[in-house]
Amino acid sequence: MRDRLKIMPLLASLAALGIIATTIIGLPSTAPGLSAQMNANAETIGIKNVVTAVLLDFRGYDTLLEISVLMLATVAVLSLRVPPSESRRRLTGESGLLLGSLTRLLAPFMIVIAGFLVWVGSSGPGGAFQAGAVLGAGGILLALAGYDRPAWVRQSLIRVALTIGLLAFIAIALLPILNGGTLLEYPDSARKTLLLLLEGLLTLSIGASLASLFLASASRGQDGGGR
Amino acid sequence: MTVWLPILLPTLIAIVTFVLGEARSHARNAVNLIGAAVSATIVVWLAYGAYGGDVVASTIPLLSGIDFGVHADLTGMLFSTVASVLWFVTLIYAIGYMDHARDRARFFGFFALCIAAANGVALASDPISLFLFYEILTLTTYPLVVHSGTAEARAAGRKYLIYALTGGTALLIGVAWLTVLAGQTPFTPGGALAGVTGQTTALRAIFALMVAGFGVKAALMPLHGWLPGAMVAPAPVSSLLHAVAVVKAGVFGIIRLVNELYGPEFATSLGAAQVLSALAAISIIVASVIALRQDDLKKRLAYSTIAQLSYITLGVALCSPLAAAGALAHLAHHAFMKITMFFTAGSLAETVHVKKLSQMGGVARRMPITMTSFAVAAFALAGIPPLAGFASKWMLGAGAVESGSTWALIVYVAAGALAMGYMVPILFASLRKGDLDATGGLESDPRMLWPIVFVAVVSIVMGLAAGVPGSPAHWAMSAVLPSFGGVMP
Amino acid sequence: MSTYLIYSLGGAVIFAIGLYALLARRHLVHKVIGANLMGSGTFLVLIGLGNRAPGGTPDPVPQAMVLTGIVVTVALTALGLAITKRYFSATGLDDLDTDPREGDHP
Amino acid sequence: MTLVDHLPALLIIAPLAGAAITFVTERSVDRIVAVLTSIIITLFSGMLLYRVASGGAFRYEIGGWGAPIGIDLVADGPAALFLLLTAVVGTAVTIYATAYFPKDCGTSYGHGLFWTLWLFMWTSLNALFLTGDVFNVYVCLELIGISAVALVTLKGDADALRAGARYLFASMLAAMTYLLGVALLYSSTGQLDMEMLRATLTPDSGAATGLALMVAALVLKTALVPAHFWLPTAHASAPTPVSAALSALVVKASYFAILRLMLSVMPPGFIPGAGTLLGILGSMAIIWGSLQAMRQTRIKQWVAYSTVAQIGYLFIVFPLADSGADVLAAALGGVLLHALSHGLAKTALFLGAGSLMDRFGHNEIARMTGAARTLPVLTATVALAGVTMMGLPPSGGFGSKWQLVSASIGAGQWWWALVLGLGGLLAAAYMFRVLAVLLSDTPTEVRPTHAPVRLEWLPLALAVAALFFVFAAPFVDSLAGISTIMLHAGVTP
């Protein structure tokens, strides 16, 4: 069904483009923003990758809400899925030769990469989200290749995996309040270990969330799917 | 604190009545009667205090920089006493009238709430508090107008709301505008707007808005349209609310507006009082003429009420002490006279199922006491001495002459003749022979009869005792004097 | 025409294209794609304008905002696609303009 | 730092923890956790309100970094009031939901995930009322948007999905526009904290465009006419407790952000004509929403369009903002009073309407005759809530109408007073149209209900609270004074 050109939306987007472009052009060509203060403070807490410092420490509250957004989306998609009884058809039949063997090769490699990304996050580009994305992709790949969930991975365990990151974040955020600090005020001594522990658990949760975001709505469907 | 009781006590009674529900009618009747008696005594006690000169007042902070207050001054207590006493009487009548009706708990509950709001209007110490209770009165009367739930009742309710809420909005904007100009102006005899200099156009507009707001309930033509329609409500509602509480609240608002907010001299200087008096005069004449042609008894009484209310409005608008006192006295006198007639109309409808004059043949023989009471009230209304109506009309007439506008005297005299014109045919209609069904016994249910007789007798007593302190006439005189510099010209 | 202008103006264009798609296209998935385009455009504007620090190192705050924005866009897209799929399986429709059927139930 | 100092943080963490717990635990435990969480939050909100009322507004620096680096939470008068409103309405909705959603609802109602979604929404509402950082407002808006859409589509039928989809695309459009606004604002001022922004805003910078985009996005989220298209279907097809929360709280959250941006961040007249435009749109909302409400035949659509109309009142403060401090104080007190009393009354109205639908078995207003006799409590609820909608005394609606009328006359812009007066009349028109049906005497049979009594008395309690809310006006006005808005107004002449 070809969509014909609609005038009003066209005008709206052109107007938006005009306003935004003129504003951007009007901005001064050099603007330090907050980079100076951010770099200085990142030195004091000893995290070389300033973006990770901003994400997890200075504006850690944003990240806390961000994790909540991701988990909320997962819960929302879970609430929208058709009851499992109707969608018992598995995603695909037995996997073809190429997909099966490729998955067997890639899966362990992706887990190692995810671990590396978590570790390098404090100094170079990387961190919980990037690692979580890789882990999630691995999970989806396994499901597409027809590897079913092992028996011991029950529904309740998946829910725990999904929330472990958020619960850890809440616990670590509340910790400083008990001994005199404010929310999310990491004690200098344990900052590094706390952040690493937090990033690890966040990675697990983000991976689980991204995988279930895909699998929850993909595992049923009228026409596609298995033979 | 006691000054709040006339408002809180009836509200409490209403809540208890709602909670008691439909089944326990005896308990409910007891609660209402005792409660009404207690609140009537409190009101009379406060009135006695006011007569003695100590005006009890109390305020609580309400909106940004505005206090919500009540005070028991003479003017207010007269209206509140009339409303409370007649509430007690009407309760007895209503118990008889609604003997086999449905939804009585809802009826008596909202009945009590209306009286609470009416007392609030009477006691309010400044225009904002008055407006508050005035709007609550609109809300609490609506369920009573649509009580029967029939299509006709709901249509009358809708019409009532359109008039009342539009008027309410005009009043809101007027009062808010006045508050912005002059701050919170509590009612003070002789006027409270001394502080406002200039702004004459704004003050005229505010006066017009407030007259529009009060005029709806005061049935000032052309804002009277809802009153005839509201007659579809049960008789106790028509008698207490549409002859005493609701319509008098409107007129009472105009009395406060002219005597104690703008002040008689200032209102006359603005030219506003003259316009108001013209409007009132037109209403008197037109309403009386329409009343002549009404065959339905309650509709005829409704148009008579519209005319009589404008007696009061005209009296106030003449801005002379005697006329203002006459107006306030007429507020009380008319209440007792008209309630007798509405009681009678209700009793006729309930006992012999007669609603129209054409069907009233033989009623006098069947219900002699009721009809004699009606006759007494009718003659009183027409101004026959020595009955109540004559006393207040004489003061109004004298006030008209004293204020120099003799045309008002002519209007009053003409209206008196017209009143005879629409009252006497009712009496003749009842004296005609008619084929009433002779099944029922003589007279109506005693619970309906004795209240009729009581209010008729009071109409006579008020006329005779016009000069005695404590009678409405004397009470009105002493209430109004401070607004005119405390001296009889 | 310094480099930051190229990227930020490019971002603005992408935002406008996405806005048109979200408003004009009838198919729900096209609308979701449009929303993603708007997101990418905004991120490009953010990063472009974040690159004006005198010392040459880009300002970290816009980068943090973009990371958060990406996660939020992922969440919105996932929910959008889930609703689209569920609406398709419930009514066989893939756009909001045609009314599934008349009548209504509580 | 005693417990009271940590209240802003606890008010956000408590519902967030509650949401995470309810997701992990079994369904039967969920409702207990939810009720417990709502009681704790109500307690915290009360304590915060007392602290702000007695000790004045205060900032909470998350992570101890302070404004430009970290994110600050601002607990001032309006925030504390909205938090308490959210707590009261939230607790009422939670209690109502324990009776509305069956214990073992199996796969219906989104597989019993209502509680988790509801507590996530509560988290985001509290977070938005408290945040002092414009980018953080963005994340909160998304949390609200997603949880609201998920709750709207909870029933899973075609109407709910349609309404949810339309709501989601409106949210997406608003989200992206808002973020672009933040991008332009940050690029021109280099600040994200509202107080810092106020200090560095210069009229000629690109910030005006950024802020204009942000306000436009928030106007879309608040469903101000003409951007209200998504609200009626969404609020009407959601389950009853969700509809109440959406109408009473969610639209007010994005409105609160507008209040912060327009009055606290931007000096008066920063975007020329913005205040007047919002006032005009608000007036259109009042009139258009009321006219539409008069035409509705189904009770939940009727209540939803009443929300569209009532939202208009909140925008009358903006054209009055730059007419001196005392006019602003009266107008701000007025809109806060309106937001609070409308929140209570609208919750009562939606819960009452939901119970009426449950008892009558359909949602056609015309066939709900004789309700006054058979369902007196529900009829009373609708009637009393209606009094607030109409702005008649002694309701909070009257208090706000009075203060807004006085403020507009005081500011010499008397036309807003006419709009408010007309709005009250139109509200009376659509209110009494339904009340007349409920009061009519043709009896219709009513389904017996197993539902516990709280489904009827809870809405009545809220309606009565709204009915006497005018007496809370002095308290609300004093708290309106303790706000960053008045702080700046005090500064400018």
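Every chain is named by a letter (A, B, C and D) in the order it is written, and numbering of its residues begins at 1.
Keep in mind that, in the parts below, contacts are C-beta pairs under 8 Å (C-beta built on N, C-alpha and C of every residue); 3 or more make two chains touch, one makes a residue touch a chain.
As the structure is a prediction and not an experimental result, all values here were calculated from the model.
When the interfaces A-D and B-D are ranked by how many C-beta pairs touch across them, A-D comes first. Note: centroid distance subunit A to subunit D, computed from Cα atoms, is 30 Å. Measuring from the averaged C-alpha position of subunit A to that of subunit B gives a distance of 73 Å. Between subunit B and subunit C, the centres computed from C-alpha atoms are 67 Å apart.
Distance between subunit B and subunit D, defined via averaged C-alpha coordinates, is recorded as 43 Å.
Touching of two or more other chains is recorded for no residue of subunit B. Subunit C has residues 15, 19, 23, 45, 49-50, 52, 61-62, 68, 72, 75-76, 79, 83, 86 in contact with two or more other chains. Each of the following residues of subunit A touches two or more other chains: 20, 24, 27, 31-34, 38, 59, 62, 66, 69, 72-73, 76, 80-81. Contact topology of the protein chains: irregular, matching none of line, ring, star or complete. The residues of subunit C lying in touch with subunit D in their complex are 15, 18-19, 22-23, 28, 31-32, 35, 38-39, 41-42, 45-46, 49-50, 52, 61-62, 65, 68-69, 72, 75-76, 79-80, 83-84, 86-87, 90-91, 96, 100-101, 104-106. The touching residues of subunit A, when paired with subunit D in their complex, are 19-20, 23-24, 26-27, 31-34, 37-38, 41, 57-62, 64-66, 68-69, 71-73, 75-76, 78-81, 83-84, 156, 159-160, 162-163, 166-167, 170, 173-174, 177, 180-186.
Across the interface of their complex, subunit A is touched by residues 2, 4-5, 8-9, 12-13, 15-17, 19-20, 23-27, 30, 45, 49-50, 52-55, 57-64, 67-68, 70-72, 74-76, 78-79, 81-83, 85-86, 89 of subunit C. Considering their complex, residues 329-330, 333, 370, 372-373, 376, 387, 390, 392-394, 398-399, 401-403, 405-406, 409-410, 414, 417-418, 421-422, 424-425, 428, 432, 436, 439-442, 470-471, 473-474, 477 of subunit D touch subunit B. Touching subunit A in their complex are the following residues of subunit D: 1, 6, 9, 13, 16-17, 19-20, 23-24, 60-65, 68-71, 107, 110-111, 113, 116-117, 120, 123-124, 127, 135-136, 139-140, 142-143, 146-147, 149-150, 153-154, 156, 180, 184, 186-188, 190-191, 206, 209-210.
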